[in-house]
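Single-structure report; data block below.
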Amino acid sequence: MPAPRDTNLTVQEFNRIADARLPFAALMGLRAESIGFDGAVMRAVHRDDFLRPGGSIAGPIMMGLADAAFYAAILGNIGAVELAVTTNFSMHFLRKPPPGDILARARLLKLGKRLAVCEATLCSEALGDEQPVAHATGTYSIPQDAKKVS
Amino acid sequence: MPAPRDTNLTVQEFNRIADARLPFAALMGLRAESIGFDGAVMRAVHRDDFLRPGGSIAGPIMMGLADAAFYAAILGNIGAVELAVTTNFSMHFLRKPPPGDILARARLLKLGKRLAVCEATLCSEALGDEQPVAHATGTYSIPQDAKKVS
Amino acid sequence: MPAPRDTNLTVQEFNRIADARLPFAALMGLRAESIGFDGAVMRAVHRDDFLRPGGSIAGPIMMGLADAAFYAAILGNIGAVELAVTTNFSMHFLRKPPPGDILARARLLKLGKRLAVCEATLCSEALGDEQPVAHATGTYSIPQDAKKVS
Amino acid sequence: MPAPRDTNLTVQEFNRIADARLPFAALMGLRAESIGFDGAVMRAVHRDDFLRPGGSIAGPIMMGLADAAFYAAILGNIGAVELAVTTNFSMHFLRKPPPGDILARARLLKLGKRLAVCEATLCSEALGDEQPVAHATGTYSIPQDAKKVS
């Protein structure tokens, strides 16, 4: 009897999907750190070309990171339904992140049949968890004829 | 006597800033098409690595595009104040854009001393202007000791 | 042969629904001005108890107004599907509206089978249309077994 | 020597401001439950005229509740700066709240000199805390010449 899984998509499975099917995620240095039924943690591995004037990490990198964290959190629950798509996304930028990795911790606020709603707090490794750099919310639409990737 | 300018930052000046100071904009294929006092148009030049499962353009590319269009619309009015930063950003995804360039048309809803608010409609060249693919709003904070880049 | 209608819900029909079924709309002084396939205009009739410190119209009155304008714009297209519900709502406050009526002009950005996305610009009669006081976007979920109210 | 306060505005002080200066808050049944440096809890006391078609609490009541909770959370930190104003507000609606009181628990994500950013989770007393009915984020602008009400 197989042990009960603590997620419907592992970090390895997610990163395999990302490698094969989300090439822009590599452009943004994104990779999954952990995925569970309660949420997901995604990392943007720093590169100097993510910096904007003033020397802080550019907003679009943080938005791509949070969006990917939502995707991982949802797929961790419903499995590899690749065609789940963002219907809206919103971010508040709280502090300018200095050069360094950014971590997004996403959690599901609601997982319905048709819509999933998530929030994420983003922290900079340089500033620590006490000083979040951004907060995001977003909604994903889950296709009704969802076919999982085998 | 110099002719009156129709903007405080030209497309050429913006693209020069982008080349020198926004390296992630190149990652996302972004370049300014037009900048005026009433707004700005920005283009994401298509690359196949912008596609996500289902074959449509990934959301983070569209978010980066709209954010850059807001930046151009604001700098078109206040000049090259590079340290203007996004304080919040929100996007609704309306239709899945097929492969092809995306255009963001941004306009200023408000230009205050401290905050500027913008909206943008994003269209796919493949679908045409009648079928927008996304709509974005955002707020930028304008530094009070704003020094323009010469 | 009946003349073609220019909407699937008239102003009179909407206001009848509001009177019977949206009692909070009366608390907020809301009434429909016009409804068409391309959008709807809703008015918040001024009362002094809508004012907040500083003497401007309180934000929640403007949020209720825009949300009702979205509802009218959607029902104008799909008919009296009362159970359509907001799934998200966002507003940018642009200027402080002085005492006086506020008008919200809503238009549909997308009308899908399951989701409708709207935007609205809010103007104060005291300031005029050139100085909008707020901008809103929102998404409504349309029930699949939608039964119209006869 | 006075004991250190655990807030710069008490529940009693906030409710006194609301009674005198936020008459729409009474329309929406709002009253502060607790205020501290870490956030605030606000309640919308149920009335049947808050219900919308389907028998659930109308969205604008929840938006007004969250906006007031943000205001209380901020004034709890900076004192009675009545002229602090919302610059943007966003809400995700997660579940339809049945008739009954709604509680908004707000916390500060950032308190800067010019801007404060908050989030709130809204729960229905009928459904319990495990099933939040809405999630909100918002930004307030803090006037630089802020004069506190004595």
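Labels A, B, C and D are assigned to the chains in the order they are written; within every chain, residues are numbered from 1.
The definition used in the following text is that a contact is a pair of C-beta atoms (placed from the backbone, for glycine too) under 8 Å apart; a residue touches a chain by one contact, two chains touch by 3 or more.
Here the structure is a predicted model, which is why all the values come from computation and not from measurement.
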Farthest-lying chain, centroid of Cα atoms versus that of chain A: C
C-D or B-C, whichever has more C-beta pairs in contact: C-D
Chain centre separation (chain B, chain C; CA means) in Å: 29
Inter-centroid spacing, chain D versus chain C (mean Cα positions, whole Å): 23
Numbers and ranges of chain B residues touching at least 2 other chains: 87-88, 90, 92, 139
Residue ranges of chain D touching chain A (in the complex, touch as defined): 90, 92, 94-95, 109-110, 117, 119, 132, 135, 137, 139
Complex contact set, residues of chain D against chain C: 17, 21-24, 26-28, 48-54, 56, 58-61, 63-64, 67-68, 82-83, 85-93, 96
In the complex, chain A residues that touch chain C: 87-88, 90, 114-115, 139, 141
